[in-house]
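Note that the chains take the letters A, B and C in the order they are written out, and that residue 1 is the start of every chain.
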């Protein structure tokens, strides 16, 4: 995990006075306010929608009964069971390794290609752009089956290598499209200006293009790691001996029903997640908040 | 960041490097082999066990068919043994190397799918029937026809598994669940399509929860899965219907090209010990084929008719074997059932 | 001349990793799938090399047409809802959330770090007869008795939007975030009201992101299989279910490969439309 590098704050700030200033006097205040606030309200509802199931999950992880529908009595037994389950610990380690490795590869490979596609002129540009989006449109399960057959044919032993490669395929198109969308919105004149001022290509890329793309690259990395951590289908086909990821393990646990043990595991994931976020944000937030407006 | 990544890669590398100690790689059903038994085996023998799981015979076969899996033992159900043997994916067992093979009950020594246990050692078994919640279904249920009862419209679930669903579809028409007659299968398909408007859905994961909570009144069910619900909710009843239901057996087979053959035989010899088999049944609530294990179990399990049905009930149950070419009729029919509006 | 060659070399180096990945791990497996779609099948479900069109013929026998229709309808509805909700959310995070933008983005990923199956099973709890939603409906007198919501199309749709919303928000955000605020301010200075500024400046500039979002949501949502099963009761199967069924349950790999090839062609049409639209937008600027 890395922290968001570019704060949205200082740049977003000027939008506020512009929107609330001159125009507000010309229109009915209430309607103005309502329309202006609409994205905020929708965001609030969307986050409620996204997070409400997690609240339910946390609550039912303390349910004494095996059922996840009727709450009977408070207990911590399910947590004890999660911690005594040796398979879950192993699966978590596998998942973390695969997520980190596949996201790093997918983001690096994808960002390079995305910048080349949107900032450089070359023959076959649209062909490559289309090809890079292709894994998106191929059902993951088909890619998985094809990959499995191909890997065995080529004599690769199934394991970390095949699994990481499979996950790279899943995240690569996302990484490319995200960075490409950002690169397409960049102002080419800034790069031209840098070149005119004597910067060589590498300097221009490192000092001008890359910093501007940093938020989108970070977005791509986070999304790639997330997709990998959550991946079930591709993992089903590319896993080998001892590379059972967390989703694969959970899927096999679900066979005997949705138990609070699974909810307890979910709750632990939320806690770990918030911990990571606080750790990362905690390092950067004070700096962000203390930053003077540019 | 880079350091964390390097550390992660390092961890991965250590996990990849082959351990010097003896090891055994098993591909088995989720929740039919308790971790405790595996840990005991590791402690006794010093062999490190990697136990990876699958959720259906079909996905397991798909993985193994691709080859280069690296597993030593696999845990197929009866018809899957036939398919794996037919495709040459599993090898013949050397019975002289399984010290405890004599512990297998007489009834499981000459199973029809693998006479003489040539390709597989049976280990656990159970049934396919139906479960209902007495708070919702007030009169006792003894027949598949309850799953077609208009009164429970919108509160019925069928197993989301082709062969399982056809057990009910065929038997309710008076046919054998292992039919390979195209006309019988077609009739069963019509019956299943007619049932669809009454269903809340098809479910092969949390059906035990659904019937236990009262979300569903009736569910078609595998015996193993629903026993936990029975334990916590006395209102849930599991029955093997009068039309027969089916019995299933999951066993262990040695994969062609297995690397750790000695360890595999050590494992098979270990799990067939009566006390080990009893521990397996006690923890998973699934019956084992080891006869003496039953004597070591608490009354609540040994006398539980959902875990150990009576012999006459079992004699009435059908047994699903590989139907070969007739599978296509099932598959086309099931696709029609699932896509019907 | 030398400079041109160097340019070409740099471009090639930037593209080389992705070309290798695509060639070896996508193109070759795809060829395998394509070859399999014309292959035969033995009694045990193994693939037998050969050439037959029967696998494709099977697709047009009417058995699968309903599945294609189901998939298209579900994917279209999911995409529409995700864009309608996702755009305002991305807009808020990019322009209004200020310093909390990154925090909101990370928060949106929080549900993703819990296994997908666990999240969907939480919805099973929420929508159940004894779930919170029914408790609220009965408690407020809106419903006399609990409503059966599991196993309905609505439940499937809710689960789909839940699963895909972040995939719509991220690309829209990524397109909005780098927008030059001075452009919007300039519009306001020139007398454009906020609605005009949005319609004439912000929206057109963020269209690539919107298109990417539509693509991200539409295509994978045709291939989903767990949501229709767990929330929709598995009663209305879509392409994802069909492919899982053909590959993993029936192991009729040749027909599964044929369905995949058809789906690939359909999706290729979609992506071609997207690329054309994107190129048009880039040219129009």
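To be clear about the criterion, a residue touches a chain if its C-beta (ideal position, glycine included) is under 8 Å from a C-beta of that chain, and two chains touch if they have at least 3 such contacts.
In this text, all values refer to a predicted model and were calculated from it rather than measured experimentally.
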item	value
Top-ranked pair of chains - ranking by C-beta pairs in contact	A-C
Relative to chain C, chain with the most remote C-alpha centre	B
CA centroid of chain A to CA centroid of chain B, Å	37
Computed distance of Cα centres, chain C from chain A, in Å	14
Sites on chain A at which at least two other chains make contact	68-70, 145, 149, 251, 254, 258
Shared-contact residues (touching 2 or more other chains) in chain B	59, 62, 205-206, 213, 215
Contacts with 2+ other chains: residues of chain C	121, 124, 128-130, 247-248
Residues of chain B defined as touching chain A within the complex	1, 4-5, 8-9, 11-12, 15-16, 25, 30-31, 35, 39, 50-55, 59, 62-63, 66-71, 205-209, 212-213, 215, 224-225, 228-229, 232-233
Contact set on chain C toward chain A in their complex	7-8, 10-11, 14-15, 17-19, 21-22, 25-26, 28-30, 32-33, 85-86, 88-89, 91-99, 101-119, 121-126, 128-132, 161-162, 165-166, 170-171, 173-175, 177-181, 184-185, 188, 193-195, 205, 208-209, 212, 215-216, 219-220, 222-223, 226, 239-240, 243-244, 247-248, 253, 256-257, 260, 263-264, 267-268, 270-272, 274-275, 278-279, 282
Contact footprint of chain C on chain B as seen in their complex	56, 58-59, 61-62, 65, 83, 86-87, 154-155, 157, 160-162, 196, 199-203, 205-206, 213-215, 322, 324-325, 327, 331-332, 334-336, 338-341
For the chain A and chain B complex, residues of the former touching the latter	1-2, 65-70, 85-87, 93-94, 96-97, 100-101, 104, 145, 148-149, 151-152, 155-160, 236-237, 239-242, 244, 248-249, 251-258
Touching residues on chain A, where the partner in the complex is chain C	3-4, 7-9, 11-16, 18-19, 22-23, 26-27, 35-36, 38-40, 42-43, 46-47, 49-54, 56-57, 60, 68-70, 108-110, 112-113, 115-116, 120, 122, 126, 128-143, 145-147, 149-150, 153, 165, 168-169, 172, 174, 176-179, 181-182, 184-187, 201, 212, 215-216, 219, 222-223, 226, 229-230, 232, 246-247, 250-251, 254, 258, 262-263, 265-266, 269-270, 272-274, 277, 280-281, 285, 288-289
